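After this come two complexes, each holding chain A, first together with chain B and then together with chain C.
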Partner chain A sequence: MPEKTTAFKVRDILFLIMTVLPIVCGIVIRVLFVPSSDGIEISGAHIFFNMDFPVSPLIISEAQVNSWLVMISLLFLCLYLTNGIKENIHTKRQVIAEWIVETVEKLVKDNMGDYFTGFAPFVAAIMALSAFSSLMSLTGMFPPTSDLNIVAGWAFLVFILITYYKMKCGPLHYLKSFAEPVPFLAPLNIISEVATPISMAFRHYGNILSGSVISVLIAAALQGLTHLVLGWLPGWLGEFPFLRVGIPAFLSLYFDLFSGLLQAFIFAMLTMLYIGGAFSLEDYIARKQKKIKTKSTT
Partner chain B sequence: MLELAIGIMLGLCALGAGCAMIAGIGPGIGEGNAVAKACEAIGRQPESRSAVTTTMLMGCAVAETTGLYALVIAILLIFVAPGRFVDILLAAIK
Partner chain C sequence: MQTLDIISVNIWQIIISLCNLVIIFLIMKKFLFKPVKDMIAKREAKVNEVLDEAKQERAEAEKTKTLWEEKMAASDEEADRIIKKAVAKAGKRSELIIGNANSKADEIVRQAKAEAELEHKAAEESIRHEIVTLSSALTGKLLEREINPDDHSELIDEFINEIGEIS
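Entry: the complex of A and B
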């Protein structure tokens, strides 16, 4: 075990604080600026302010702020895990960091092939961002993934990547892929091309949103039930929703933890499969060899 | 008269949301089939458990998509559409 220098310790504490601080900030922002509703109600992200822009106003909402907070928190978590990383010397956090990197690289290699090994950071980033955004609802904050705009942004990114890798075998090859197996199916092919990002976005968003809607409905039902059963108790005892203590936690176990993590995994998995499926290495190599041949002849 | 119109509108929105969720039947049956087959596969080859589970979860997620489209439409019909429609109605009357 090497001696820990003061600088190392200071950096350690700084990174840990910066990991936790955004989450605390988010809770404080929510408590201060988001008006609390007296009843139980289902609403979207709270809009902090509208900025006037030429085409349409730019809306800064809770979902955006929270997703930025998650990003900052994740960045410093990564810095904390890789702080003081060295060859051979295995601190606990280095083992964790190496395990994460190795797992993701193996996953990418298994699903996308050797050509796409460089995609591991992207896939890991999407997975971590999605998982931590969904887990945010455990702290009582608005999970960014239950806002369609955030998830649609990621899906659009994946769509651009899919198109890029289809274009890599040449624009003509890309256009020709729409006319397969028969040319008159082209409209359907175009629809299915556009449906990919839409279905990805709606799948993630719908899963997280349905969880939060059902949680709210159950909470409202339990509150009504307590009022019905224990309403005769005097004073605040009659007002206090006893049944709402503890029981929704079991639902939260499924809807927040399991569903959120599963959706993060599925989103990353679909990203890998779609991008991997958009690119055929044989066509690419054939095209490259053709190019080299034409160059050498001229 | 205006109350009646708004009432019919809200009622139809709720009815439409209910009808949209009939789509929940399809993913239910599909995912049930997928899980049943996965159980059979694991029973036959217990050592392939992790691979089968991963593939099954992926398939379930893809099968769920149609149900989630219906859910999104139902949520839009309940929370977004009534306000829009009432606004349109009021604007038409003015």
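Entry: the complex of A and C
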């Protein structure tokens, strides 16, 4: 095993610190700027910055800031994983990096076909951003994915890609696809086309938000229950919400950890399926050949 | 501080989020997928190189092996040839030596024979001489006069020769 150089170690430590620092910063920002709420309060992201802009005001909210923090964290995590990468494996993280790359590529190939191998980084980006954003709620921060705008942005990008790949076989082909299987179903087809990104966005956003809503409700309910059962205890003992210790952690395991990862996977899966389904390689090749033929005749 | 509504749609926020996803895609591509894929490609190239090298070396080893085997066979033949040659040479030489020895021995024998003959002749001569002197002395005594052996030697020789022929 080759000796680790000082530069390698310094870079390692730097990347690790830079991975953790944004999360710490997020917590600090939350503590400093967001007032703590009492009781049952379910609200959207806090607004840090509001400016008049054409069409609609430019708002920098907690969701935006948190997603930027996640991005910085991910950037340095990537740098950390690929730090000192070599042909002969000599670090554990290299195995992890290779596993991530190979797994995502295999997933993309299986779901979308060989033509879309270049989509692996995109799918990995969706999964990482979605999963880490959702997992932010574990630290007590506002998870960006429980803001509709964030997820809508991703879904809109996916919609653009779907339309782009449908257009690749020709605009006429794209328009014709709405009249299938029978022309009078065209309105339904258009609705289903528009519904795709909306359903994706609302599915993801709704799952994460409902998790935090249920967490808040259960916390409040447990407080009420403690008051009902142990309210007779004297002094502060009667006030202290004993049942809130520990129990919400198990619920958080499902609502934050499991649900967050599952939604990230579902979103990535749907992205792959929709984009993969939007494009048929045979039609594309047929169109190209036709083009070449018409070119050669003229 | 203000908060957003639970369901609020803001076009700029959507665009910012869209750009965020694009940026994170570029980050993933450049800082995670590219290094790993480059490294995998490099590793593949290295493995292929090593395999090619091994193949080449094996072919070379096989070549040298056949070469050595040929050489071994050739050397066996050559050894045979050399031995045969040496044996032939030695045979020729021994024949030569034996021939020489034989001829030398013959010469020695011949010389010895010649010498013996010469000696024999000398002895004969001396005996004859003695007989001449003896007979001359004898005849001188018989004739009571001194005979000059030189004068009568011819006569005596004739006599002796006659004796020799008779004997």
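Annotations for the structure displayed:
As a working rule, the second predicted complex is superposed on the first by the 296 of 298 C-alpha atoms of A that agree within 3 Å, B and C clash if a C-alpha of one lies under 4 Å from a C-alpha of the other, contacts with A are read in each partner's own complex, and residues count from 1 in each chain.
We adopt the following convention: a residue touches a chain if its C-beta (ideal position, glycine included) is under 8 Å from a C-beta of that chain, and two chains touch if they have at least 3 such contacts.
Treat the numbers as computed from the prediction; the structure is a model and nothing was measured.
Once chain A is used to superpose the two complexes, chain B occupies space next to chain C without a clash.
Of the two partner chains placed around the shared chain by superposition, chain B is the only one that A:Ser199 touches, whereas chain C remains out of contact.
Look at A:Leu209: by the touch rule set out above, it reaches both chain B and chain C. Of the two partner chains, chain C is the only one touched by A:Pro35; chain B is not. In the superposition on chain A, A:Thr82 makes contact with chain C only, not with chain B.
Remark: in the superposition on chain A the angle formed at chain A by the CA centres of chain B and chain C amounts to 140 degrees, rounded in steps of 10. Of the two partners chain B and chain C, more residues of chain A are touched by C. Once the two complexes are laid over each other on the shared chain, residue contacts for A:Ile266 go to chain B alone; chain C is not touched.
In the composite built from the two structures, the nearest CA pair linking chain B and chain C is 7 Å apart. Residue overlap on chain A between the chain B contacts of one complex and the chain C contacts of the other covers 42, 209. Listed in rising order, the residues of chain A touching chain B in the complex are 42, 199, 202-203, 205-207, 209-210, 213, 262-263, 265-266, 269-270. By the touch rule above, chain C contacts chain A in their complex via residues 1-25, 27-29, 31-33, 35-37, 39-40, 42-43, 46. Contact residues of chain B toward chain A in the complex are 57-58, 61, 64-65, 68-69, 71-72, 75, 79. If you check the complex, the residues on chain A that touch chain C are 33-35, 42-47, 50, 53, 55-59, 61, 63-64, 67-68, 71, 74-75, 78-79, 81-82, 85-88, 97-98, 100-101, 120-122, 124-126, 128-129, 147-154, 156-157, 209.
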